[in-house]
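After this come two complexes, each holding chain A, first together with chain B and then together with chain C.
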Partner chain A sequence: MIQEKLYLKGDKLLDIYGYEFKAIKNALKLGRENTIKKVKESELKGRGGAGFPTGIKWEMAADIKAEQKFIVCNGDEGEPGTFKDRYLLEERPLKVLEGIMIAAYAVGADKAYIYIRGEYSKAIDVFLKTIEAARKEKILDDYFEGSDFKLELKLIRGAGAYVCGDETSLINSIEGKRGRSRIKPPYPIEKGLYNQPTVVNNVESLCCTAEILNPDSEEFSQLGIKGSRGTKLLCLSGDLNKPGLYEVEFASVTLKEIIYDLGGGLKEGENLRFVIPGGISTAIIKSENLDFPYSYQDFEKRGNSLGSGAVIAVSKKHDLLDLMLNVSRFYMDETCGTCFPCREGNRQINKILKSFKNDGKKIDAELVSDIGNTIRLAARCGLGQSSLNFIISVIENYQTDLEIGGKLYA
Partner chain B sequence: MNEVKSLFYRESLLEKLHEIQNSYGYIPEIEIENLAEKYMLPRANVYGVISFYSMFYTEPTGKYIIRICDSISCHLNQSDSVLNAVKSFLNLESHQTTEDKKFTLEIVECLGHCGEGPVMMVNNKIYKKVNKNTALEILNNCL
Partner chain C sequence: MLRTEIDGIKIDLDEKMSILEAAKKAKINIPTLCYEDGLSIYGGCRLCVVEVEGEELLKPACATEIKAGMKIKTHSKKVRELRKNLFELIIATHNIDCQLNCLTCSRASNCELKEIAEDIGVSKMRLEPIKRGDSVDNSSYAVIREPEKCISCNRCIRKCEEIQSIGIFTTANRGPETVVTTFKNRGLGNVECTNCGQCILSCPTGALHELYQKDIVLDILNDESKHVVVQTAPAVRIAISEPFSNQAGDIATGQLITALKRLGFDAVFDTNFTADLTIMEEGTELIERIKSGHRLPLFTSCSPGWIKFIEHFYPEYLDNLSSAKSPQQMFGALAKSYYAREKGIDPENIVVVSVMPCTAKKFEAKREEMAGDVDYVLTTRELASMIKSAGIDFLNLEKSEYDELLGVSSGAADIFGTTGGVMEAALRTAAEIITGTELKKIEFEKLRGLEGIKKAEIEIDGLKLKAAVANGLGNARKIMEMIKAGEEFDFIEFMACPGGCMGGGGQPISCDDNILEKRQKALYKIDKNKKLRKSHENPYIKKLYDSYLENPGSEIAHKLLHTKYKARKI
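Entry: the complex of A and B
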């Protein structure tokens, strides 16, 4: 049996009176530079999906001189299959709060936002209560424990827009605008919220920093292998016996073990066809190719990405065209429409798939791949760039099967 | 106080819209006018923001907003049978409201309970592992 490594996942952490804030206290003791150094040395990569090194982001933001800097905690978790941030916000909000405080202290920000998607009403309630208690206990809005660090934190509720998970769209949304992405550069660390240096970090990334700085969990940064340190929350779903949230040490398990051991294998004795390893913006991995360690570099080697940690098992009983149409509809509905190739490209893909379904018109794989490349090159945000990974990978892997007949069953 | 600081302390437009919607059930024309004045924006701009976000309504909705997830993880667990049952029970398509203003149906993307799908949300309450029978039971309890 695979052992989970529990750091981020654990008992409910809701009682502010019983929580010691050891990590932020340690950060204050270490000072700004050493806090950033520790996060850099931990090799923490952003857990939202893009995987940008958190320490480097902080360092760049810390180096910029500005009257006002902001931290934004990105809780706009919308990637289908992903529910780890909801778990952290609902069950471990104090870790999230502490992570926000550490980030703010490290880069020299005294104002922060947490943006939680509107559909997460329980997470919103829990976090509003956390903020209220923290204000009352002078953990927010006041100098923390007699230090020179003070943080004000506001919560903004999203209102149903997947694209706001992109950091520049999120910033526009906080500013009260349509959640459209911005052209980069300038990056948010130079000109973000209200044109001020802004660090946007994912909920899970911030919780990881609260482990990295916590003297009780010093070993966290040593877990895994070089390039993939720490643990990762996995959201298992699809055709599994034991779907749910799991926490594993990087590179200590294979994707195969994740499916068959943690996930309990496929339900109702079904056979696995493929795995979507990191949410629907990642390419599929066929059932026979799962035997590799779960780490950033092992995914990269395969031209893939571990994305948000949403591992979705798909059995042979499903119609591939139906799944492609489901994903296609998602992107067609959720594109913000700013970049023409993403807006129009995703519409055309949907049209191609529909005319295959309805009129038996063959899918022109080259055309689909061209549209995919155009979007990847021309869309501003990661959500657009990765919008065709799933569909293109299904076509590539099952082209012959798809050509035989409209529907494909096992 | 400098301008950026005052922007932080100002109530965000998004939060304000939530507040208005919570009290009216939707965002009426008169409030759009008020917001335009308050935030010094053209009315079209305020409307543009509202229409971008799927959870904001400019027309009255039903007393119960039924959201059914049909993203991939729920879809793999037969969410389509749930939504077909609900559609025919309410005689509605997505984004429609019953004449008696009791129900609004929304077929939505991921609600973040992917390990417990199919998932259905009635106003703010989440129901997990629903099937077509339990879904209709939930609706019947709203009647």
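Entry: the complex of A and C
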């Protein structure tokens, strides 16, 4: 039996009076530089999906001189199959708060925003109460524990756009602008919210920093292997016996064990066809190829990504075309409409798949491949670049089942 | 210094710039669509993507700053294939079909998309056109929008917001439903559109064009019972040849007149004549206001885009506007009164057509305050199209002269076509009237050029006149804010379009580089070569006052040549 490693998932924390804020206190004791150093040494990578090293992001932001800097906690969890941030916001809001405080202290920001997905009404309620309590207790809005660190925190409710999970789109959204990506550079750490240096971190990433700085969980940074340190929250869903949220140490389990052990295997009478390893913007992995350790580098080796940690098991009972249509429809609806390859490419892919289903027309694999390449190589942001990963990987793996000829990604 | 390599060509750059700009320096053309000089970078069309060595994903040349040591391939196989695919996707949203196609398009003769297709080497179209079923927005008297052709490149949005500081367009919806529209989809006629038509000049698809009156004018020319007179604005003569020659800066006044006569107009007159008249009326107003010190600064009122702008955004300053009608409207009023009397024609049978570099003039002609002065307004583009469809070999035409009575003008009137021209023309006259002596130098160099805002202090006989000139509504807004902040002026010339009328929204769409400089040079050349260069010396203006209007600002002059404005909502 695989054992979960409980850090982020540790004790339920809702009562601010019982919470000791050990990590931020430790950070204040260590000072800014050493706090950043510790996060860098922990090799923490952004848990939102892109995997950018958090410590380096902080260091760059800390090095920039500016009157005003901002921290933004990205809780616009929109990747289908992902529900880890929701869990943290609802069940561990104080850890999230502490993570935000550490980040703000480290980079020298005195204003922070937390942007929570609009549909997460419970998370929003819980977090609003947390902010209220923290203000009352002078944890926010006042010098923390007699230090020179003070933070204001504001909650922003998302308005229901997947693209706003992208950091620059999220920043536009906070500013009241249309949710669409900004051209990078400048990166948010140079010119972000209201053109000020801004660090945008995922909810889980910030909770990890609260573990890293907490003297009670010193070993957290040593978990896993080089390049994949700490734990990862996994959102197991699909045709599994035990779907749910699990916390595992990196590289201590294989994807196969995650499915068959943690997830309790497939529901009775069903056979696994493939796994979507990190949300629908990642490529599928066939059932026979799951036996590899769960780590950043093992996914990278396979040209894949562990994405947001949404592991979806898909059994053979599903129609491949229906799945592709479902995903295609999602991306078509969610492109922000700014760049042509993403907007028009996803529209055309949806059209092609529909005509395959409804009119029995053959899919022109070369055309699909051309459009796929165009989106992947030329789209303006990560949404577009990864929007066809699922569909292309299904076609690549199941060409004969789908009666598709031709070559993909020539 | 920055050393890089583009397509194997080593170049050294002295300053930061985008890959697109650097490529231009290396004489490499990278196709662009959503990019436009002078507008912010949008990075939407992705046609300008290039390969940067060491990076898998392609980079948009417009939005990527070039760095030392970069090795860039602008036309590799990967890039070329991708551009072709991308172009297919774009064209599918342009909805070309039997009704709406390249032959009937407003950009039939100079389609930007066609040029890009050629640059990219497009050879196949695998995607069917997408029908959105959007209806045409014909709510405006000036600008029409055909959303089916729009590909959402956002150039109109940026032009309107960034250059004109208005922002009537916006992006609505998301995903493939993303469209460019007006606030609450109300239509161009129901928002704060100034009708300047700058968006038309920016639109690469023909989704925006003027409200066409060319067909109705052709019909009227066939109506024997009507006496159809035409007037041509100053900026038309220096741009009308562009659609035929594809080069800017040629003066074609004589050919223009011949072409209009061949088209069947009964009399060919010049808006220049009433430009001279405007100077007499507005100049008189200026002198009076300076003497009394009331309602200063005086604002010019000949640009109808500017008028609608101030009516919407600065209605508290409407009193500062000169009450003089624009030259177009003065002409219409005179054609149906003075000209009718002189020629013995029933004004009912006179039809006044104007050819303007302007789309806002179409709206102006419809204003209730001046209704009936001018019946139809054609843009320079519409006239070029009429000339083509009448089989007139424009470039090789013999020259003709304007008909007399309303056709003789001074050089001061010609420069109405450029930013700074109205001011200069007014000063030539005002200075001589105030001082009673002849100006030694009639060129006011400080007021020339293409800068967005020009300020000058002009001394006339001990009187110091603070003058300012603004072109483009963004600059007009800046001046208005200066005034609000307490800066003092006496006389300000405002033109809605960048460059003034010569850069108007009704002018031929750019076919050459530096068109504004070339057009401007041509206008000053016409002025310089004229013997008559001051409005008040125009003998036909003198005759008009002597025999009909009495003197500037008289009762009859007020009735015919002056108007009112109204505050509009935002």
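In this text, the second predicted complex is superposed on the first by the 403 of 410 C-alpha atoms of A that agree within 3 Å, B and C clash if a C-alpha of one lies under 4 Å from a C-alpha of the other, contacts with A are read in each partner's own complex, and residues count from 1 in each chain.
The rule is simple: a residue touches a chain if its C-beta (ideal position, glycine included) is under 8 Å from a C-beta of that chain, and two chains touch if they have at least 3 such contacts.
No experiment lies behind these values; they were computed from the predicted model shown.
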| item | value |
| --- | --- |
| Partner chain in contact with A:D370 - chain B first, chain C second, else both or neither | second |
| Touched partner set for A:S237, first chain B, second chain C, both or neither | first |
| Contacts of A:G81 with chain B and chain C, given as first, second, both or neither | first |
| Touching partner for A:D333 - first (chain B), second (chain C), both, neither | both |
| Touching partner for A:Q385 - first (chain B), second (chain C), both, neither | second |
| Contacts of A:Q196 with chain B and chain C, given as first, second, both or neither | first |
| Contact breadth on chain A, by residue count: chain C or chain B | B |
| First (chain B), second (chain C), both or neither touched by A:A161 | both |
| Partner chain in contact with A:S121 - chain B first, chain C second, else both or neither | first |
| Which superposed partner A:R178 touches (first chain B, second chain C, both, neither) | both |
| Common ground on chain A, meaning residues reached by chain C in one complex and by chain B in the other | 161, 178-179, 333-334, 336 |
| Chain B - residues contacting chain A, complex | 2, 4-5, 7-8, 12-15, 17-18, 39, 48-49, 52-56, 67, 70-73, 75-77, 108-117, 121, 124, 126 |
| Contacting residues of chain C [partner chain A, same complex] | 41-47, 49, 56-58, 60, 63, 65, 78, 81-82, 85-86, 89-90, 92-93, 126-127, 130, 151-152, 171, 173-178 |
| Chain A residues touching chain B - in the complex, by the definition given at the top | 67-68, 77-83, 85-86, 111, 117-122, 152, 154, 156-162, 173-180, 194-196, 235-239, 243-245, 276, 280, 310, 312, 314, 318, 323, 326-327, 330, 333-334, 336 |
| For the chain A and chain C complex, residues of the former touching the latter | 161, 163, 178-179, 183, 185, 332-341, 343-348, 364, 367, 370-371, 373-374, 376-380, 385 |
